[in-house]
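One structure, pasted below without further comment.
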Amino acid sequence: MNGKRRQRHLRAALGHPRPRAPRIRPGAPPGTLAPTESARPGRVSVMSFTRSRLEEHAAVSIDEALDHVGAGAVSWIDIDGVGDARIFARLGERLGLHPLALEDVLTVVHRPKVERYEKHLFIVMRMVRLAPADAGLAPGPPEVRDEQVSLFLGPDWLVTVQEGTADAFDGVREAIRHARGRTREAGPDHLAYLVLDAVVDAYFPVLDALAERMQELEEAAIAAPTEETLVGLQRLRHDLLALRRAVWPMREEVTVLQREDTPLVTAETRVFLRDVYDHAIQALELLESLRETSVAVMEVYLSMQNQRLNGVMKVLTVISTVFIPLTFIASIYGMNFAYMPELRHPAAYPAVLGFMGLVAAGMVLYFKRRGWW
Amino acid sequence: MNGKRRQRHLRAALGHPRPRAPRIRPGAPPGTLAPTESARPGRVSVMSFTRSRLEEHAAVSIDEALDHVGAGAVSWIDIDGVGDARIFARLGERLGLHPLALEDVLTVVHRPKVERYEKHLFIVMRMVRLAPADAGLAPGPPEVRDEQVSLFLGPDWLVTVQEGTADAFDGVREAIRHARGRTREAGPDHLAYLVLDAVVDAYFPVLDALAERMQELEEAAIAAPTEETLVGLQRLRHDLLALRRAVWPMREEVTVLQREDTPLVTAETRVFLRDVYDHAIQALELLESLRETSVAVMEVYLSMQNQRLNGVMKVLTVISTVFIPLTFIASIYGMNFAYMPELRHPAAYPAVLGFMGLVAAGMVLYFKRRGWW
Amino acid sequence: MNGKRRQRHLRAALGHPRPRAPRIRPGAPPGTLAPTESARPGRVSVMSFTRSRLEEHAAVSIDEALDHVGAGAVSWIDIDGVGDARIFARLGERLGLHPLALEDVLTVVHRPKVERYEKHLFIVMRMVRLAPADAGLAPGPPEVRDEQVSLFLGPDWLVTVQEGTADAFDGVREAIRHARGRTREAGPDHLAYLVLDAVVDAYFPVLDALAERMQELEEAAIAAPTEETLVGLQRLRHDLLALRRAVWPMREEVTVLQREDTPLVTAETRVFLRDVYDHAIQALELLESLRETSVAVMEVYLSMQNQRLNGVMKVLTVISTVFIPLTFIASIYGMNFAYMPELRHPAAYPAVLGFMGLVAAGMVLYFKRRGWW
Amino acid sequence: MNGKRRQRHLRAALGHPRPRAPRIRPGAPPGTLAPTESARPGRVSVMSFTRSRLEEHAAVSIDEALDHVGAGAVSWIDIDGVGDARIFARLGERLGLHPLALEDVLTVVHRPKVERYEKHLFIVMRMVRLAPADAGLAPGPPEVRDEQVSLFLGPDWLVTVQEGTADAFDGVREAIRHARGRTREAGPDHLAYLVLDAVVDAYFPVLDALAERMQELEEAAIAAPTEETLVGLQRLRHDLLALRRAVWPMREEVTVLQREDTPLVTAETRVFLRDVYDHAIQALELLESLRETSVAVMEVYLSMQNQRLNGVMKVLTVISTVFIPLTFIASIYGMNFAYMPELRHPAAYPAVLGFMGLVAAGMVLYFKRRGWW
Amino acid sequence: MNGKRRQRHLRAALGHPRPRAPRIRPGAPPGTLAPTESARPGRVSVMSFTRSRLEEHAAVSIDEALDHVGAGAVSWIDIDGVGDARIFARLGERLGLHPLALEDVLTVVHRPKVERYEKHLFIVMRMVRLAPADAGLAPGPPEVRDEQVSLFLGPDWLVTVQEGTADAFDGVREAIRHARGRTREAGPDHLAYLVLDAVVDAYFPVLDALAERMQELEEAAIAAPTEETLVGLQRLRHDLLALRRAVWPMREEVTVLQREDTPLVTAETRVFLRDVYDHAIQALELLESLRETSVAVMEVYLSMQNQRLNGVMKVLTVISTVFIPLTFIASIYGMNFAYMPELRHPAAYPAVLGFMGLVAAGMVLYFKRRGWW
């Protein structure tokens, strides 16, 4: 592989540890709604339900969706993609969403947080999922991608905004459709809890995949440490760091939700949030274990690689060490002294050859006995 | 050993650092009772006692067990195995257990915690024990296994659920049978304390075994560092990490129990809980010491192994270094110059041999004196 | 490169990790206003605005600027350069600024902090920017420079003092000129918020540049580790440490501003400050990730460099190892024994040469198969 | 040294890092008084004093000792050895000591703590002292031994229990006998303070000895790193870890004593306890410094040892490198070409020898100049 | 350098990391005033001033000094040297100083702290300064020395006690003499603030010198790593640890002074103490940066040294590797086969020599191209 290609290959294999800045227009006044260039335009869907009734519409306009809000039902507006600023301007106007919160929704690299505004709660989370690695360059393991999920929780409505390409809330929708558990009886705060729960539960398959990779790397580090192991380990570390940045704030986030003195979250939902908190902590502890393990595996890798290399050197050196004395013996009988009586003896040559054999065998035996070969 | 077998061997020898996810049905609404496939069906036993009377029944149906609850006695229902969802549905119905708590019981990889519900306290702990290693693959040290123990504490009943295959509460049962200490006089909270105490006390034999392994590895690291030492050290680290995940939350757990403003725990039992807290802290400190020691032992291992390898190289190099000048001398007298007067002298050959001997002896002496050989 | 030049080159390439002391006159009583020698004399500009009116004057005298304060408008005095102590004496007199605060302004290496005085708030921040590296010596990446920005916030005025050579508040001025958002309606506390926001947002391009450098160093560490990589890594670490000293206190700073019970900051502005807090935290988390990555990259560098060097040694040793047995064979037939029958055979010479070729080929094959060459 | 003996030697030289479990009867109900097998039977002594009067009796029965309690004097019962359970049963009965506290006294591996019971305070501390190393096996430095000291503090009595073989409170007894300071005027809480003070002050000679060992190991690591240095360093680390487990809880212990709202400790004694707190903190900080130093010394050891080994290899390689070209020259003139005119020249042989000498001298000079030899 | 001298040299070059114990008379009752043997006898000076009047006397007896206390003026008694216990006994008597505080003054290795007694505040600090290294042994950098400074603050007097040989408060005295700032108007608490400020400001030149040393060591580590670099680094680490033990407690110390609810410190002085707090924090942050840098520099040192050594080995090995094949070729034509036709060809010898030259040139070129030489 030549230099340039190797560089490109490495860049892909290592993953993308580069942080993205949260604000892209330095100097612009806060509260301006300008979507990221590359963002998909929003796809709006709406669910509106009471205990007995359920209306569901996909791919509607934002105004159609907003028409369902109110009227005694719980309304859930889900927006898939943050590329269309008008949708959010309209939302802000109708539901009284704070401009700073809306700006955070469009800035898709935000840190998870809960913020209480006058008329609504605003929650930012990071959804984590595994995506197949870019085919052309790095044939490595699936990449960890994190995408922003934003929630606005009002008195009888919930707005969710997903940056991601894949819809993550199918399970929640199914639960509403089949009226599982308390989903249809409780208010929008219970719905928000279900969404939070889905986000947190999505950490575990990712953690599991990372743990699987860690185990493979650990075995490779002991059994056959190569440069690929090192690159894989570095990439895993990047993934763990990225994941931690996503998961870590979830802990305080859920705590804030449980403690915040707001009428928007009922006491009953707070009991359920305790469960989410619990899972977030568990995800964090697994993450920390993995991070500690990664340090240990790095040590093992370094040790084993050193050992392998030294092992090779040892064998090579043993070979030289066996032949050097033999060559010395031979060179003695290559000397041109006039009086070397043994040179004339007919048995001398085979005797010397035999002696050489003995010396070689002795050395080999000695080296084997000491475990050097 | 070939590649595949070696991989399998390693996987076994390293232990199972892979975390298990707490929820197995992503998307399913919380509160659904679905036991893990591989779980054993529950075996129910019940003890019901007052100061003067004691009834004990093993292997009864859950309804028979529930019949003992109430009627002025303290009842302890112990369920061994979490494979039968109906048992827990029935329990929840009769004793008013919260669905989220019941779900946590069935999800057998939960983080230790205490949760207060309206009618009962719910406690999850992780019981730790040593199990003989899987015979076929890794002939290594016994494995550390942790199993979930759940407690429901009500006004006059205690329900314990054990995931594990081995019954861990025989000591507690004996104490009740012989009415040792305050066991028969106090309420179910004292019984819960005894169970907690048994769980925490079970950490010490495991810690002791790990410390024993650590000491052996440390001695091996200094005396004879091999690849097995490294694998053993990695496995020990996995075990320590797993143990910490089990023990760490116990600390806050007991603190919560002591502080929680609930009528279910009497002031007297709180004094006893202080003792359990104390033991948990002590277990944690031992654990931390072991973790620090493991880092130091790794360093020692790396250092000693490096030293051994370099030592071998040194000896080999010394051998070569002794023979190379000798060979040079011999090669001088192997030159074919017409006028090399010493070649004709009869004593030249033995003289050169003697000189070679002197050179060799000189070098060996010099190397020995500098401690290089 | 000779020794002296190399030393100078290194000093430049490593960056300037040396801390500067905050007070330069040991023994002098606190509260004395003595500017640093090398500081630029101050350039004063003033903006005074209400919702409907805007006056702006650049390069005025401090007395002219102070004439705009009061009279129902919000006044912003910006002083560029801290070399002229009279400006600050005059400011202190007219606006009642505390001598200790003024002294801190002139001491341009202060730690970020917020201090509440009777009549005003005093805020110190560190503005961070990238400056092209010193051309003559180190052709390396742009340097991270941090400069002090001080704020005095009064009831209807804001004084900002910049140490730096480049004006950092053009964006804020533009926002005032075009009356963007709430800039012209709100009081001086909103203006202070905009300045804080500009300072915090300026961290992200710098972090981005450092992350870019980190990625390049990581790739270099794996693909081609050289001494330059090491020096670059050390320099990056110096930059990260310096940046952390600047960013870390911002967190508590904004918290203090949000919590401080002062009439100078309105409730509305506190909501906006939450946004600044958020960005500061995010900057810190990125910084910590970079620091952890720098440790990992160092490990990778050390490992790869070791591997490279050992790889070279291995190849060299393999070459010697192939030739040493061959030389031994040759030296056998260089022996001068009288009875070495094979010497006389016409085919012996080519046979021996062939045998040597076979031995060499066998060794090379063996080494190749084991991956040693 | 052969394998077995070496193992045993190592085990002794490394110290005893193995933790001891706090409870030895798993399953037994808490509150049972069963002394450790190996414990010495208790030796009871009693001091009873007022400002003017002093009674002192050594080696009395526990009942005789208890007869002195009360009657307007301050009584101090000291029990040396925890092997006799009846003593403690009797004490508990007469002075109302809590069974859990008594159990902790007999379990001689307890973590330091302060517990408030209804009628008394219970304090566990770990006394630290240096004991000469086991003569037969490891001729190393004195061992750090920690022994349990328990205190019961009542309204007019103090009971101290020492596990240790050496009496540690002679200084306190002397102070009482000579009525030094406030010892005879103040109550039993002042006496308890003196005991605490004696325990904490005993840490400093041990820390000093460890610091001395650290300094010796650091010098050895730089001047002459051997395997003994490594073993010594490991042992020092074990000692530091053990010491920290003993000292660390002392800090909170004294804090609790100062803050605890109990009539048993007077305000005046609390002032004195601040002094003990201070010393405990100082001991901890020294300990932490030593721990950090131990990490640095390990690094130095690894570096120096590597350097030494590489240095040896370098010299050996230099020797070979000088002779290999010389041998090549000689082997050229050992070739049997028919037409090698220089072979016939009478001056050729000395000329070649001279040339060889020049080459050798040149190489040696070159290597010396570059600092390789 | 021989062994003994080298050991002594090392001990000096490494600095004195050994901690000194705070109490030197184990067993003695607290509150006994016994000065350290080596301490200088105290030199007493006194300043007594009001806004308009100033009296100053140096080298007076303690009783003369005490005569100035009271009478409406602020009195500052400075005692230089702690060797004379009578001075302190007298002070304690007249000003009501607590025996424990006085004992701490004489014990010159105390941890910085603030203690509030009934009639006065007691403050211990550690003054840090650079002293030229001991000439005879280690020609190294100046040593960091820390000396104890104790303060007693009463209603109208301040007593300062300096252990050190050099007077550190000249600046403060000058400020009083010239009535700079508020020094003559404010009370003894402002005076105490000036003393604290002088102590904290004295950290910065020391930190600056250490940073300078760190930079030199870093450059040495990259450009020319030798054993001296390692020893220098170790010494710097000892200095940093010692400095941290001195600076770290200052932070809480100033916080306590600011918060402590005592009439001895006025609200105005508390504002000034905030400034001292700030500087203490800044000193700590610089210290932490230096500590992190020291770890990085150690890594760089290890890496560079390894690289240098390996580089030497590489060159040596390259030399051998070039000559070994040449020697093989020569040894071929040294074989004594009867039928080696090329031996007879007149051009054979120069041809072989030429071939050898080609082989050597080819190898050198190849090695150069791969950067191995």
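Read from first to last, the chains carry the letters A, B, C, D and E; within each, the first residue is number 1.
What we mean here is this: a residue touches a chain if its C-beta (ideal position, glycine included) is under 8 Å from a C-beta of that chain, and two chains touch if they have at least 3 such contacts.
Everything numeric in this text was worked out from a predicted model, so none of it was measured.
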item: Joint neighbours of chain E and chain C, given as chain labels; value: none
item: Approximate Å spacing (C-alpha centroids) for the pair chain A, chain E; value: 43
item: Distance between the centres, which are taken as Cα means, of chain B and chain A, whole angstrom; value: 27
item: Residues of chain C engaged with two or more neighbouring chains; value: 302, 306, 310, 313, 317, 320, 324, 327, 331, 334-336, 340
item: Ring topology as an ordered chain list, initiated at chain B and continued via chain D; value: B, D, E, C, A
item: Interfacial residue positions of chain B with respect to chain D in the complex; value: 170-172, 174-175, 180-183, 194, 197-198, 201-202, 204-205, 207-208, 211-212, 214-215, 218-219, 222-223, 271-272, 274-275, 278-279, 281-282, 285-286, 289-290, 292-293, 296, 299-300, 302-304, 306-307, 310-311, 313-314, 317-318, 320-321, 324-325, 327-328, 331-332, 334-340, 370, 372
item: Interfacial residue positions of chain C with respect to chain E in the complex; value: 3, 6-7, 10-11, 14, 17-23, 26-32, 98, 100, 104, 110-111, 113, 115, 117, 227, 230-231, 234, 237-238, 241-242, 245, 248, 298, 301-302, 305-306, 309-310, 312-313, 316-317, 319-320, 323-324, 326-327, 330-331, 333-336, 340, 343-346, 348-349, 352-353
